[in-house]
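Next, two complexes with subunit A in common: one pairs it with subunit B, the other with subunit C.
Let's turn to the complex of A and B:
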């Protein structure tokens, strides 16, 4: 069975919420829509305090080439546009909406009818995706329309749909495939049309045999789409790892997947594309896995953007008493949250509650040169060396050692027997080296 | 012939041959270096702290010889005394610069600023600030994880376990600026020592709105503007809900200290 060749680890799966049907989370009393939900420029609000909005109405417009539109996730009245701490505790601008009823914009098709045919041409599809404010929903929140407009002269021959869900605990993509398989296949066909690729591949890890069988059965009606089971290995959901695993091409250092003729889209993004193109529905809700060993009702919740995480936690039976840490996203790449009043964003894939026992950290000891981090690194880097170089502020050497290739998957920290916070330092190193590179370019 | 003699002669010949090559190479590639550089380096403190803006004392000494604007160079560690010695070596004159000292622009002690989360990562301000805003609601304040103390080569910064903040030791601080570079929150400022080394500065960097800042920290500057109005020498400006005192304009009259409702303006008592 296929997988990527360099590094990788096998963390335990803990898919507690697997097979739990998608449930609709209750609407919040107040919705807080952050304007920095996407990578790139902040969105610019097009509404003002006191305005009445309908669900699905544009409330903030894309603020640049790399940016995305934001739509009202609820209907009601704009109470203020103010700063609110995001997951990292730093304050960012957000639109606050007091929820009144749930009146949707008329143009959105709310029926369950499957629409298979799409008569739009490539440019129209990309325009529609941009209009709907779709971003990469695997966690990075990179605006999708930018990814779909390859630079001149670059040919794309294959679209890869990332349905790997290699992070432990998370099950939202798995459940989405089980319930919305047909929609995902139509979405894939639409995206293939948008980038004029003849081949579409959906990569699924073989710990989800039901999803593989389900999609394989459905895909018979969709020409060009192939379902490929992959051997379980973290971080298979990394773009470069997935491309290597599926089509055997290695993306060169510092280059984008487009260099080897591939574009990767997350499966949740593909579903959002289906809804945007066929149903006129902008991206204002997503499926979030709420999970953890002590959570009473772990599950997959269809949640509106802007819902406070505390509401979502309530949905899953409230915050357990022994909760020590709540993580936004998966345990490997997610981020511990400062508090639960933070709202749901487009890139938020999970909410994971860890108990005190699970969050215990071992004492940081000296590096014993065991090279476990080197063997675990899926990019073929040397994390132990990076940490030393960062402590000595050797930015030039770090750049030469390709620190910018680091995908921040956390395999090094996970595998370190001395419990050294390798990834924490690598992140600092990356931002410093990035700064050095930017200053040099100017 | 005696074998020993052959060996001695042979080795002697090789030695002579290479000695000539080395001599010629030394003549050919000789680098002229001003003798002053060595003298100046000896006169400098030798801390290699980089506070002057150059990498190490040797580099600074070279710059002293090379520079056409000698008056602008200053070794913050050695201070005026050292610069007078350096000037004497070069036969130039120095203009006495004002003595300076590092000040910490945060007064968010454990008492003033309640903790709202626990950080259990590596003990490093750089790591913590790359991860999130800090363990209190103030995202501008001191993280208390001692990056500055570790960066200080003169033991001039000490953590006060009661306040959770680093303190500057007046006699030891050479204002080299290592702490300014080390602090990820940019809380240190090299501040002019005023009359009899007294100084007044705003010990807060919180740019949030007054109410938000006050909620996070009792000693926060709320940007009310009272100090700006009361200041006679127009030394105080308020930008982004935060007051700033220009040390060059301040005449240490202390009126702002009295009027500040949150006690954000720090005053170092004159000796």
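Let's turn to the complex of A and C:
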């Protein structure tokens, strides 16, 4: 069975919410829609305080080439446009909407009817995706229309759908595949058309045999789409790792996937594309796994963007007593949340509560040079060496040792028997070296 | 900060895992050498722990880390490289050199360039050559005045005696240091380490493979010089094969390949480098055994390659993702 060839780890899965049907989360009283939900420029508000909006109505438009439209996730009245601290405590601009009923704009097709045919051409599809404000929903939140517009002269021959969900605990993609399989296949077909790729591949790790079987059965009617089971190994959902696992080509250091003729889209993004193109529905809600060993109702919740995470937590039975850390995203790459009043964004795939026992670390000790971190690194780097070089501020050497190739997957820190915070150092090192590179280019 | 979960691995797990893997070999040495084996090991371990504690507490003024298992391991490995009738004060000197000089003076666990147990052993070998090469005969269970004899490798080097056959080498009923006897027990321990992923295959396999191939070739090319005293068989291949097997099973080769050369701190930092390191150890071992003046070469070979390790780490890098193939 296929997988990537360098490094990798096997953390326990803890898929507590696997098989839990997608459930609608209740609407919040107030929705807080951040303007920096996507990578790139801030979106620019097109509404003002006091305006009435309908669910699905454009409230902020893309602020540049790399940016995305934002739509009202609820109906109601704009109460203010103000700053709100994000997950890390930094303040960002957001549109606050006081929720009144749930009136949708009438262009959205809210029926369950499956629409298979799509007569739009590539340009029209990309335009519709841009209009709907779709971003990468695996966590990166990179504007999808930008990814679908490859630089001139580059040919794409395969669209890869990332349905790996390699982070422990998370199950939202899995459940989406079980319930919306056909929509995902149609979305894949649409995306293939958009980038003129003959081949579409959906990569799924073999710890989800039901999803593999389900999509395999359905895919018979969709020419060009192949379902490929992958051997479980973290970080298979890393773009470069997934491409190698599926087509056996390694994206060169510093290059983009397009270099090897591939474009990768997350499976939840593909579903959003289906809804946008076939149902005229902009991206304003998504499925979020709310989970943790002591959470009383772990599950997969269809949640409107802008819903405070505390509401979502409440939905799953409230914050458990022994909660030691709450994480936005998965346990390997997610962010620790300092407060739960922050709202759901388009890139938020999970809300995870870790217990004290899980978060406790041993005392940090000397590096015993055991090579665990080197062997775990999926990029073939030497994390122990980075840490020493960072301590000595050897930025030049760090660049030569390819620190910028690091994908911040955390395999090194996870494996270290001396409990060394390798990735924490690496992030500092990367931003320093990045600065050095930028000043040199100027 | 991310990642928010951890494998749960720790230094302790690794060190105690290695100690566990050494138990079968220790039992064999108990069977072969009796009390002597127990006494030597106990003295060595206790002195290593004591030196580590005293140096950390009073000289370096840091929190002693004797519970991490690394000092115990050094003590056991040192003992395994000693004859079972070695006077206690020599053992204590060895432990002091291992812990005080080879480990602590470089900054403790993780910073020492050379394998502490081997530094201790080689220091003793050079300072007390007579005591260090007088091996009690198997079955001599007393610590104080055991009858002594030569090791198989020593015999090969011109000392008199009847060479043991391969099967008693496998079982351990031969002369030698504590950990040199009992090939089966050592292999068993080594496999456990591999299975538990405490060590990886690169180092032991490249060492053993190199020694095997090298001695096999020597046995084929000049069977008159390189033989183990067996009656010449008609088949030169069989002859060379027994010669090569003899080298694999004798001396500290198995102990060295599985337990000493694989020491994390002093071996290279990636699989490619580890293979080069292993081949180096294998070659040097055979060169010393066949052409050097010491009958046994593994300890020296490992120490020499320890010294080369920083160089290997600088020039041999792991297989990078997206390396541009030329």
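In this text, the second predicted complex is superposed on the first by the 442 of 442 C-alpha atoms of A that agree within 3 Å, B and C clash if a C-alpha of one lies under 4 Å from a C-alpha of the other, contacts with A are read in each partner's own complex, and residues count from 1 in each chain.
Here is the rule we go by: a contact is a pair of C-beta atoms (placed from the backbone, for glycine too) under 8 Å apart; a residue touches a chain by one contact, two chains touch by 3 or more.
Keep in mind it's a predicted model, so treat the numbers as computed, not measured.
J.: Subunit A superposed: clash or fit between subunit B and subunit C?
T.: They fit side by side.
J.: Contact-wise, after the overlay, does A:339 reach subunit B, subunit C, both or neither (first, second, both, neither)?
T.: first
J.: Once the shared chain is lined up, is A:91 touching subunit B (first), subunit C (second), both, or neither of them?
T.: It touches subunit B, and subunit C stays clear.
J.: Please work out whether A:221 is in contact with subunit B alone, subunit C alone, both, or neither, and reply first, second, both or neither.
T.: A:221: touches no partner chain.
J.: Using the superposition on chain A described above, determine whether A:402 touches subunit B (first), subunit C (second), both, or neither.
T.: second
J.: Quick check on the superposed pair: does A:382 touch subunit B, subunit C, both, or neither? Answer first, second, both or neither.
T.: second
J.: Looking at A:366 after the superposition, I want to know if it touches subunit B, subunit C, both of them or none. Which is it: first, second, both, neither?
T.: second
J.: Kindly classify A:425 by the partners it touches after superposition: subunit B alone (first), subunit C alone (second), both, or neither?
T.: So A:425 only meets subunit B here.
J.: Does subunit B (first) or subunit C (second) touch A:331, or do both, or does neither?
T.: Touch status of A:331: second partner only.
J.: Please tell me which partner, subunit B or subunit C, touches more residues of subunit A.
T.: C
J.: With both structures superposed on the shared chain, find the angle between the C-alpha centres of subunit B and subunit C as seen from the C-alpha centre of subunit A, to the nearest 10 degrees.
T.: Computed from the C-alpha centres, it is 70 degrees.
J.: Report the closest approach of subunit B and subunit C over their C-alpha atoms in the superposed model, as a whole number of Å.
T.: Result, nearest C-alpha distance in the overlay: 6 Å.
J.: Check subunit A for residues that touch subunit B in one structure and subunit C in the other, and list them.
T.: On subunit A, the residues that contact subunit B in one structure and subunit C in the other are 335-336, 359, 361, 421, 424, 427.
J.: Touching residues of subunit A toward subunit C in the complex: what are they?
T.: 6, 9, 11, 168, 240, 244, 250-253, 255, 325, 327, 331-336, 352, 354, 358-359, 361-362, 365-372, 374-375, 377-382, 384-385, 402, 405, 408, 410, 413-419, 421, 423-424, 427
J.: Can you list the residues on subunit A that touch subunit B in the complex?
T.: Touch residues, subunit A against subunit B: 83, 85, 87-91, 335-336, 338-339, 359, 361, 364, 421, 424-425, 427-428, 431.
J.: So in the complex, which bits of subunit B are touching subunit A?
T.: 116-117, 120-122, 124, 126-127, 130-134, 137, 139, 208, 212
J.: Mind listing the subunit C positions that touch subunit A in their complex?
T.: Residue list for subunit C touching subunit A: 1-7, 9-11, 13-14, 65, 68, 107-111, 200, 264-267, 269-271, 274, 317-324.
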